[in-house]
Amino acid sequence: MFELTPLEREALGLSLRVAFWSVLASLPLGLVTAWLLARCEFYGKTLINGLVHLPLVVPPVVVGYVLLLLLGRRGPLGAWLYETFDLTLAFDWKGAALAAAVMAFPLMVRAMRLSLEAVDRRLEAAARTLGARPFGVFLTVTLPLMSPGILAGAILAFARSLGEFGATITFVSNIPGETQTLPLALYSLSQTPDGESGALRLVAIAIVLAFASLAASEFLARRLRRHMGA
Amino acid sequence: MINILAGLVKPDSGRIAVAGKLLFDSSRSIDLTPERRRIGYVFQEGRLFPHLNVRGNLIYGLQRVPRDERRIELEQVVRLLGLDPFLHRRPSDLSGGEKQRVALGRALLANPHLMLMDEPLAALDQPRKEEVMPFIERLRDELTIPIVYVSHAMDEVVRLADTLVLLSEGRTVAVGPLDELTSRLDLRPLTGRYEAGAVIDATVVRQDQAFALSELAFSGGILQVPHIDLPPGSQLRVRLRARDIALALERPENTSILNVFSGVIRDMSDEPGAQVDVLLDVGGTALWARVTARSRHDLNLRIGSRVYALVKAVAIDRHTLGRTSGRRFLANKEIY
Amino acid sequence: FAAASTTNALNEVAESYAASDSSGQKVRPVFAATSTLAMQISKGAPAHLFLAANPAWMDYLVERHAIRPDSRRDLLGNRLVLIAPAGSRLQIAIEPGLPLVEALAGGRLAIGDPAHVPAGIYAKAALERLGVWHAVAPRTAQAANVRAALALVDRGEAAAGIVYQSDVAVGRRTRVVAVFPASSHPPITYQVALVAGSNLPEAKRFYHFLLGPEAGAIFRRHGFLTLTPGS
Amino acid sequence: MINILAGLVKPDSGRIAVAGKLLFDSSRSIDLTPERRRIGYVFQEGRLFPHLNVRGNLIYGLQRVPRDERRIELEQVVRLLGLDPFLHRRPSDLSGGEKQRVALGRALLANPHLMLMDEPLAALDQPRKEEVMPFIERLRDELTIPIVYVSHAMDEVVRLADTLVLLSEGRTVAVGPLDELTSRLDLRPLTGRYEAGAVIDATVVRQDQAFALSELAFSGGILQVPHIDLPPGSQLRVRLRARDIALALERPENTSILNVFSGVIRDMSDEPGAQVDVLLDVGGTALWARVTARSRHDLNLRIGSRVYALVKAVAIDRHTLGRTSGRRFLANKEIY
Amino acid sequence: MFELTPLEREALGLSLRVAFWSVLASLPLGLVTAWLLARCEFYGKTLINGLVHLPLVVPPVVVGYVLLLLLGRRGPLGAWLYETFDLTLAFDWKGAALAAAVMAFPLMVRAMRLSLEAVDRRLEAAARTLGARPFGVFLTVTLPLMSPGILAGAILAFARSLGEFGATITFVSNIPGETQTLPLALYSLSQTPDGESGALRLVAIAIVLAFASLAASEFLARRLRRHMGA
């Protein structure tokens, strides 16, 4: 039947790993950004909002190029990271995760912001009067109440990360086993004269993955909603 | 206003102190955060946490009180408020009255130095109100926490409060013991015409099993009311509405009106219209009676006249009875 | 790092190298557009060898001292072919002033983007030399890479296309109409060079293997011309 | 239940017909869609369209009525409900009472054959209730649309309804004229003890300007009540609560009780407890009086005894007065 | 100062046109899809939901290729369109709009679905009792109430369309003046050894565009919200 070749398995595993870490790593920053956009009024908010949405508007390749410029081993940030933490992002799966995270960030922040705006602030006030400090309120009231939105944002970002191609290939290149995620493997196959059947198999894998993650998200969302008693 | 007390809204200026603890003082830049004020707040809309079950809601505040400062424990509150049957339900599965009981318990378990109740019954319909009210009375009577109760409903205030603060259009109009303020003629527009009346302190002296009546002693005599389930000697407070009291020049015979007290007219309202409110002194207790202007004329009522107050026993019902609580209960009635 | 168009051939070369090399050292080829790879190498990508389909990008790297100029060699050559969907009747000879526009009959000519895709650059040069670029240019469909151009012809979307001979080796729905004579365009060269800063002896060994006859045979089998003196 | 009438919920089986028009019949598979039923629905929560201003809300239904079927026009409703001041405001800028007035107008303007009102006052506090109630009375009196009014609040029902349908736990318990049902002893648990009483039909006969009293004639005599602003000859309905009526064996002299009627005891409730409800026949009109069991014993009250009913004029207030409307008003009181 | 070259102007104009039409054309289908997902229960709903989200997960190039397969002149749908309406999508800006619409579709549907789920159905019931037929209710109540969500979805889709690259270049290739949108021009320049400065100019244009569309959306959203009286 349908058995994966080692290359496919590698690409699939890498894709999942990259998408997982990209989502996990961007969750905290996504939350902070959503908080800033939903709850704070400050000068330059429109700027932040614009920056967050930029990866949506600018072609992925450009995003990848900018990442390469900034975070390549010779880029200002990349050199610093390398010297301080011995951390290289470019040409590494961690870089692929970063590229995916940046591309998916607007979607994640949007979902979180919406759910944060829907949280009833009177419940937060009630928690304060019960003795909870602001951060405690955030952890015990705000976060649980916005969890459906966080879940939606995470799944959306996960899906987007799985499909990320342009920024990834530009930033971390197409290194099998290291940065060759599913879309990159797909690209490689499509570049060879007789790669079509292999490419089709990869497309099928991607589609199965998409459906699986969606089904998982629906399931989780329903459980969450039941949990919230709604 | 009540939000300012709780620290949720910051006033422009002023001073707030509870039990000797300064919470806010604009002149000294003191502004305690809500979580450090130790004020329990029962909200009009309940505000239960939808993602926690009843138990989770209840212990939310309790968990944040240091162990050695906990005077009120979960079991006690569950018993007091009868929350046992739905400890593991979600707020969305509770009726409105049950929700408010949980909200009461949650605020209590934070072991506050002061309880604020912002119209906790306003969102409930009458049967639900009747369900929750006894629980509030129990809190008042069995715990030693002062309560600030805010309400537009005079019947709730009368049933619960000792000290009344009358607010109108954001300003304090009067502060004082409940019975004093409800008797004051000049406050009548605020305390309400329809609900106008006097509050008297009484003691249960005898239970008449045969007719299911209780006899209450007050300084003006013995008041017979439908049976109250309290042992003789219990203190309680009775509200006699002006509209339930009629006047007579001589003691009427052979009527169904059981309570007839002799008194002297001390004051009479002088508003235009059909009705006249008459302030009586009945053995040292102030009572209000409402009669028609025509009766005042017919009976030639004047200040100083000796009259009989006729009080129907059946008019004294659960709505107007409250047990006294030793001045620990403060209530505001706000008027727009 | 190697140009995407060499994927199949280079993979095979790498396998045969691994089989022949006693050290068991494996080569890990990374394929992408020449331009992408060049930019990455200039930003310090951990590559050892670079196989570029476009000498201009080699020049770019030389300028930036990213490769060792002395190791730069012409490795492979290729031919341009004019292709058409299998079912089309298009017939045309490659000669100066050829009536390509007429032959397209309102259809489009799929080429690589002459701005950056090597095959497109060569195609443009060839058509210029034949004196028809100006006429044909508005009728071109410029794809992001050669394979995409081929796909357009394959799907019958474009009436014709100009691609590398090595790419049509197996096209079933595509037919070669004509091969461009070598004189019609500047020589197509794939250059290979060692990346500056890479001192890995294995890299050097593979570099020499690429230039050797065994690799040459494989490349030729995949439709490339070999330009190394050794073959 | 009311949603079934409006066509928003489909019942399992049954038949619904309004004004001879069959709306639903499960046996004949007839089920008119809500928009074809021409039933105006006033919702408990108002349900105004937030994206339209008051005018937009009002004409929403009107626009969908063919021109030649429009009997009610915008100007008429605006006048009737006093909506002029906020025609161009958004629902979010209205008070609760104003919102319900707009909701009334909106339903009216759809020119319905029947109006449904589902506790239109339940979400309002007492002052707001008082504000909206007169408008509902005006609709009832000035338009010819039958109204089904659903409420748990007996005082609303009494003030508005002619025909009462008592529902309890989903089943119809009783149907009949309001005064008949409120007088029936067996329905007392449903019509309410506290609010128990009788409804009498009366006519304004004289206005006493000096004492601001109105004299109302009914079959048992003349009732004096605080001034009502109606011309002599006006029909109205007065609700006399049992708890406001006392009994006496002889006509008392020199009391402030203006209304004394002679009558005969027809029936007495026989429940345990302190209170006894006594049904009187006063010149053909049924009245209920509530006395203590002790008084029944002291006065030796029996069926057939001749007694005097004492009714305080001041107890008859706006809450208990309603103008009659010629049997066009149906109300349900639902009990859980 | 900053003056646009003819190429830039052309690409910018084309991008705007493509994005505008892609959003406009996908609005009705987006609404129907959101309706199906939010309001209907039917067998195969998960499938529809999965299909809608597919463009998010699958690399854009694959989407472009699938479009080419289906809608190319020899594709089953494409051939039919060509024969029936004399309509060619490949190599045409309309094809670019289609590619952009497909890629942005999941984002649009998500936003619409959320807002539709937030519409109070009791208001719709009220409209029915006032004599409005179901479709009338949709037009006069549901649609206005969900308009903030529609706006959000449209802006998101517009932004995504402006940035669309992979599917576009694969489906309609890169024809200056016809299908060379901003990202395609940008890509072309970025892949040329000395195209950096030109690429930077295009990036600047894209960023300005992104900020402009965001600002417009914030402005519109605020007006709408005021209009709704919230």
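Odds and ends about this structure:
A, B, C, D and E are the chain letters, set down in written order, and residue numbers restart from 1 in every chain.
Just so we're on the same page, a residue touches a chain if its C-beta (ideal position, glycine included) is under 8 Å from a C-beta of that chain, and two chains touch if they have at least 3 such contacts.
Everything numeric in this text was worked out from a predicted model, so none of it was measured.
Chains B-D form the pair joined by the most contacting C-beta pairs. Averaging C-alpha coordinates per chain and comparing to chain E, the farthest chain turns out to be B. We define each chain's centre as the mean of its Cα atoms; on that basis chain A and chain D are separated by 62 Å. Spacing of chain A relative to chain E, judged by their CA centroids, is 21 angstrom.
Computed from the mean C-alpha positions, the centre of chain A lies at a distance of 57 Å from the centre of chain B. Centre to centre, using the average C-alpha position, chain A and chain C are separated by 35 Å. In chain A, 65, 190 are the positions where the chain touches two or more neighbouring chains simultaneously.
Looking at chain C, residues 36 sit in touch with two or more other chains. Within chain B, not a single residue touches two or more of the remaining chains. Counting only pairs that meet the touch rule, the chains in contact are A-B, A-C, A-E, B-D, C-E, D-E. Across the complex, chain C meets chain E through its residues 33, 35-36, 38, 56-57, 59-60, 108, 110, 113, 115-117, 140-144, 148-149, 151-152, 155-158. Interface residues of chain E, counted against chain D in their complex, comprise 120, 122-123, 125-133, 136, 140-141, 144-145, 147, 227-230. By the touch criterion given at the top, residues 65, 68-69, 72-75, 90-91, 169-170, 173-175, 187-193, 195 of chain E touch chain C in their complex. For chain D in complex with chain B, the residues that touch the partner chain are 122, 125-127, 152-153, 194, 208, 210-213, 224, 226-227, 243-244, 246-250, 252-258, 272-275, 289-297, 299, 310, 312-315, 317, 319, 336. The residues of chain C lying in touch with chain A in their complex are 1, 4-5, 7-8, 28, 30-32, 36-37, 39-40, 43-46, 145, 147, 166-171.
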